[in-house]
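Going by the order they are written in, the chains are A, B, C, D, E and F; count residues from 1 in each one.
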Amino acid sequence: MRPSNRRPDELRPVRITRHYTCHAEGSVLVEFGNTKVICTATVEESVPPFLRGKGQGWVTAEYGMLPRSTHSRMRREAASGKQGGRTLEIQRLIGRSLRAVVDLQKLGERQIVIDCDVIQADGGTRTASITGAFVALTDAINGLIAAGKLTESPIKEAVAAISVGVFEGTPVLDLDYPEDSACETDMNVVMAESGHFIEIQGTAEGVPFSRAEMNALLDLAEKGIRELLALQQQALAG
Amino acid sequence: MRPSNRRPDELRPVRITRHYTCHAEGSVLVEFGNTKVICTATVEESVPPFLRGKGQGWVTAEYGMLPRSTHSRMRREAASGKQGGRTLEIQRLIGRSLRAVVDLQKLGERQIVIDCDVIQADGGTRTASITGAFVALTDAINGLIAAGKLTESPIKEAVAAISVGVFEGTPVLDLDYPEDSACETDMNVVMAESGHFIEIQGTAEGVPFSRAEMNALLDLAEKGIRELLALQQQALAG
Amino acid sequence: MRPSNRRPDELRPVRITRHYTCHAEGSVLVEFGNTKVICTATVEESVPPFLRGKGQGWVTAEYGMLPRSTHSRMRREAASGKQGGRTLEIQRLIGRSLRAVVDLQKLGERQIVIDCDVIQADGGTRTASITGAFVALTDAINGLIAAGKLTESPIKEAVAAISVGVFEGTPVLDLDYPEDSACETDMNVVMAESGHFIEIQGTAEGVPFSRAEMNALLDLAEKGIRELLALQQQALAG
Amino acid sequence: MRPSNRRPDELRPVRITRHYTCHAEGSVLVEFGNTKVICTATVEESVPPFLRGKGQGWVTAEYGMLPRSTHSRMRREAASGKQGGRTLEIQRLIGRSLRAVVDLQKLGERQIVIDCDVIQADGGTRTASITGAFVALTDAINGLIAAGKLTESPIKEAVAAISVGVFEGTPVLDLDYPEDSACETDMNVVMAESGHFIEIQGTAEGVPFSRAEMNALLDLAEKGIRELLALQQQALAG
Amino acid sequence: MRPSNRRPDELRPVRITRHYTCHAEGSVLVEFGNTKVICTATVEESVPPFLRGKGQGWVTAEYGMLPRSTHSRMRREAASGKQGGRTLEIQRLIGRSLRAVVDLQKLGERQIVIDCDVIQADGGTRTASITGAFVALTDAINGLIAAGKLTESPIKEAVAAISVGVFEGTPVLDLDYPEDSACETDMNVVMAESGHFIEIQGTAEGVPFSRAEMNALLDLAEKGIRELLALQQQALAG
Amino acid sequence: MRPSNRRPDELRPVRITRHYTCHAEGSVLVEFGNTKVICTATVEESVPPFLRGKGQGWVTAEYGMLPRSTHSRMRREAASGKQGGRTLEIQRLIGRSLRAVVDLQKLGERQIVIDCDVIQADGGTRTASITGAFVALTDAINGLIAAGKLTESPIKEAVAAISVGVFEGTPVLDLDYPEDSACETDMNVVMAESGHFIEIQGTAEGVPFSRAEMNALLDLAEKGIRELLALQQQALAG
């Protein structure tokens, strides 16, 4: 039995609120149950130095957590003077996941910066971030099209992400914090609309996992991501 | 005429939402018009090294802005590796303002850390932070009383803060960003329930200001803070 | 009774020594009693990136304390790897105070950097810094005029600063360290020759202060700054 | 055809040299073709603060590259003042992979620090590091047993790692740099002797990958890791 | 001919002013011509971690330059976030030079921190620092004896330092900045009262130097240091 | 008697292995007994900002130690966020030593970066670094000549370095770690093929040293460096 009484293949209630803050070109509050992340997309009419003059754009991401988004207060990274390894790992993952669905040539020499800031954490912040960030990115790109700066969308397909894991011997979908901190195996899956994978990161926290367990987890992940992709479309249609 | 069509002595719509996030001992979303700040209060059962064994507590604050809380994206301080001068200045001001209304002996050897994180900025983030932080602090202290860890409240009186300034020759209350960036003189006033001042910080952005102007600004500030103190009480009673 | 036996409205002996070191375009040793600060002004024929090509100049300041300028040794900021919040706050104040009396258009595309380094501290280092820095700035600008690089002075009026506070119930002028560390209310006032204010920063260290106390402190500050402005003129005439 | 003329399921020549440097408790040079990594294991008779007094040990890892281990010189991380995101990601992976095969209770209150330093890079540095680090860790633990500090080995089973990827449409084993920089999908697999997985990290560099491709890659990885586990045993027996 | 018209074996005018600032246990302004350094000695009743409980003391040094002590302004090290290599090199040299003449056992478990801060630079700042620091150290130690904390002086003998160099083919004593920046060979010599050397650091800036040149430079240095040792004694007797 | 049973004037076995790693323009493993350093030379077709457009080149060096190159593990400088004073001092010494034998005009507007990374330490790492770095530099420059980018070698003469010291009263050549940590006086000597000195750094670790001791040490150093220069030539001829 899951602590939240969910079925093994049941997502938490997911909400995607567009136009959440007023300044960014895309701004989304994404909620996976009690996990809440603000995802903004900023359009910058320049690219990082390594891309200058190459006729292509870039999509990058930064990730942060408010110090008291968690059960006990975490040290503020701005105060400690550096971003931790987990933060860097997550923001690199978000950036790669979004770049995989964007045609950077079509984007032109501009950069879209995604900021994912967790205001409340209950497990799955990185997968919520990717799922929400895609909607913010889409809003920002639609803004470029509306402004006549782009004639066609450089977005190739949608992308969403979910965590899955083996909790007390059972493969479950969308781990919340109590599950995440107790589970034996934890996998984050990023999948595109086509059903193909962009990232799979599986980690045995305790006992190494078998090929069969892995397959069961991937089945769950595919189901969950299908639902998330539908929710993204609903939000964008709303 | 003010860009927002407000009267010179009119606050923006102020909203104070308690229990905004779920983990912190006090958690408040404070809104002064489009300025939105999450203020959390964390209780730690230890004090900083300089106070160990002295039988008194401490209240301190940290402040941050989400990178895209502003019109154009600011660099993330965690990524740049240090907090800027403005950030440090504001978080020192918030900490001093709250300590001025708390009896640190009565608090006992524990620390309350206030985090003020701006999710949307439109001027007045530091005064909104102080005003919201007082409510979060009160909730955290009431929690300590409810838990039997304190028998009486160490809070001596309420505190709130507002900005005032001379905009196009007229003293006005609660500057929003268009006013703040154009005004000649800018003053942040922190006042306690008793009507006495805790901090007054007046700066001539352009033309130095006279004693008479200063007095007019203080009159406006007193009026505004009285209204904020009433709104805090309403929120705490709610 | 003040620890120094001064009358409530009495400044400490103030000395302003020009040409204190030999390399800088302006170099002043300013002494407020035992507080001693070296203020140098450096002329740089370039402006910071955010001003390039805008046809105006800039004045900025940096502040530091020798590790053993104080009663007990402070950690060297260069060794700890960052400037503390108090340092940043003070140097921002010095910079704003000087910019308020300089016509940056008339200065042309050049920058004047003021360095205020405290070699001995006994309270009031920031106000001594501003008072001395104005003299160093004036010498640097007069050098530009003498060299034919400027035809008229961009200095609009003189500026000086003093601290005032309520010590054992009495408003006093120019706090020394024993007063500063014991006083209830502490105010730093920066005023221009015109008698108008550039900055007022009042802080209740212990008990919040009333409007009446504030007015008494401002009266004292005006008297003290008038005397400092006269001493600056004497030094510049010397 | 692979640039190295290897068959799709062929590892590069692998060499594991024990006792490579003289001071560390375990010291291994591991070579996967032209990729060369020095892996040392250091035994420290203390644990990090978060584990003190809990009666268990810890295994952690650090990773670095010599500036000119690569085709063009990389900036020295010690000079730039921080470890990059890739470095942190890799050293976290190495640490997790080794902890997964060590019984930390049996290790007792001591820490083993693994340092993996790449002296020459040609793809696969993280998987070579894990493979070599396991041998260095085993030597260090055998030293503890020989010294009578441990009575039984806390090592539960062996671990090794390999990269696999889709290169020009074909799944291949043990990517070298020319393959790694051109491949569509890249997967790092960490597997224990039991045939169960510890980490799977698959990334679509270009085109998202299907479930079938993933399965082909995992088959290759299993084959390669079996060979590596045998080579580790040979080296430890030697 | 030397730019200063000095004879090859002539020191610049040297002045040693004790009790230069009021808080430190030893405080000296040392002047070698236009080079001016404030040297303070701080007594701390604790030792660094690596010496705790070993029954011996420590002497260490820090060095800094005011940003405008030099011809053109140098970046403030506190602002750039780290001490440069030259700074670290010099402060390590000062520390070693003083420790060489102090019996650290006799000093007891306390530390003396020497701060050398250059307020005006014209060559030879490190040798002036050592020469002045010895006087500040002696004052601090005499204070400990006067306070009954030490019964005998741990100072074994005096130490002073001077620079020598080959300038336009001629060995000269006590290089000033114009000589230092143009000379072929530069040597800093630290010598104790006994006539034995504590440090010799010779560097060929341009052309490598012969054994004969080196001997001529050491002869000059011995002569100069003899004079400095006498000036130290005069100052301490004063 | 020396711990290694060497005669006082006997070097440790010295080995110089060229082409040690495959990517760098020059790559040498230098061994002085158990001290092993990888020295690479990287050619960059640009110069640092302070030299741009001056028609001359630059040679610079960086130095590092693997964390477990030493008896007990040292903290990784990349992890601690800065290079220590000893590291900076050594890399400055290596850079100066090499620049002294290179005609920077002839090198043209390009930079050669030398990286010296200690993989095993047993005393004398800086002198081994200089000795090995010269060979790597020569290989890199010969590569430029072979590629037609230089028509004649900018190398003026060879350079090598050795440490000497007074160990238990006897001057000895090429200190290993047991000697280095126990010796009274320690001197590092950098000498060119011409027999002239480039750097002499003598330090009294315990008792100050006399002129006679210094001369004995220099005699030893000259003998040792002559042997090293011959070994460099052999290696380059090999």
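The definition used in the following text is that a residue touches a chain if its C-beta (ideal position, glycine included) is under 8 Å from a C-beta of that chain, and two chains touch if they have at least 3 such contacts.
Keep in mind that what you see is a predicted model, and the values were worked out from it rather than measured.
Chemist: How many links in the shortest chain of touching chains run from subunit A to subunit F?
Modeler: 2
Chemist: Can you give me the shortest step count from subunit A to subunit D, moving only between touching chains?
Modeler: 1
Chemist: Degrees of rotation, nearest 5, to put the Cα trace of subunit B on subunit E?
Modeler: Between subunit B and subunit E the superposing rotation measures out at 120 degrees.
Chemist: Roughly how many whole angstrom separate the Cα centroids of subunit E and subunit F?
Modeler: 28
Chemist: Could you please state the distance in Å, as a whole number, between where the Cα atoms of subunit C are centred and where those of subunit F are centred?
Modeler: One centre to the other, that is 50 Å.
Chemist: Provide the C-alpha centroid distance between subunit C and subunit E, rounded to the nearest whole angstrom.
Modeler: Spacing between the chain centres: roughly 33 Å.
Chemist: If you look at subunit D, which of its residues touch at least two other chains?
Modeler: Within subunit D, the residues that touch at least two other chains are 81-82.
Chemist: Going round the ring from subunit B and on to subunit C first, in what order do the chains come?
Modeler: B, C, E, F, D, A
Chemist: Write out the stretch or stretches of subunit E touching subunit C in their complex.
Modeler: Residues of subunit E touching subunit C: 21-24, 27, 34, 36, 38, 40, 42, 44, 62, 64, 66-71, 73, 76-79, 81-83, 87, 113, 115, 117, 119-121.
Chemist: Which of the residues in subunit E come into contact with subunit F in the complex?
Modeler: 82, 84-86, 88-89, 91-92, 96, 100, 187, 191-192, 194-204, 207-211, 214, 218
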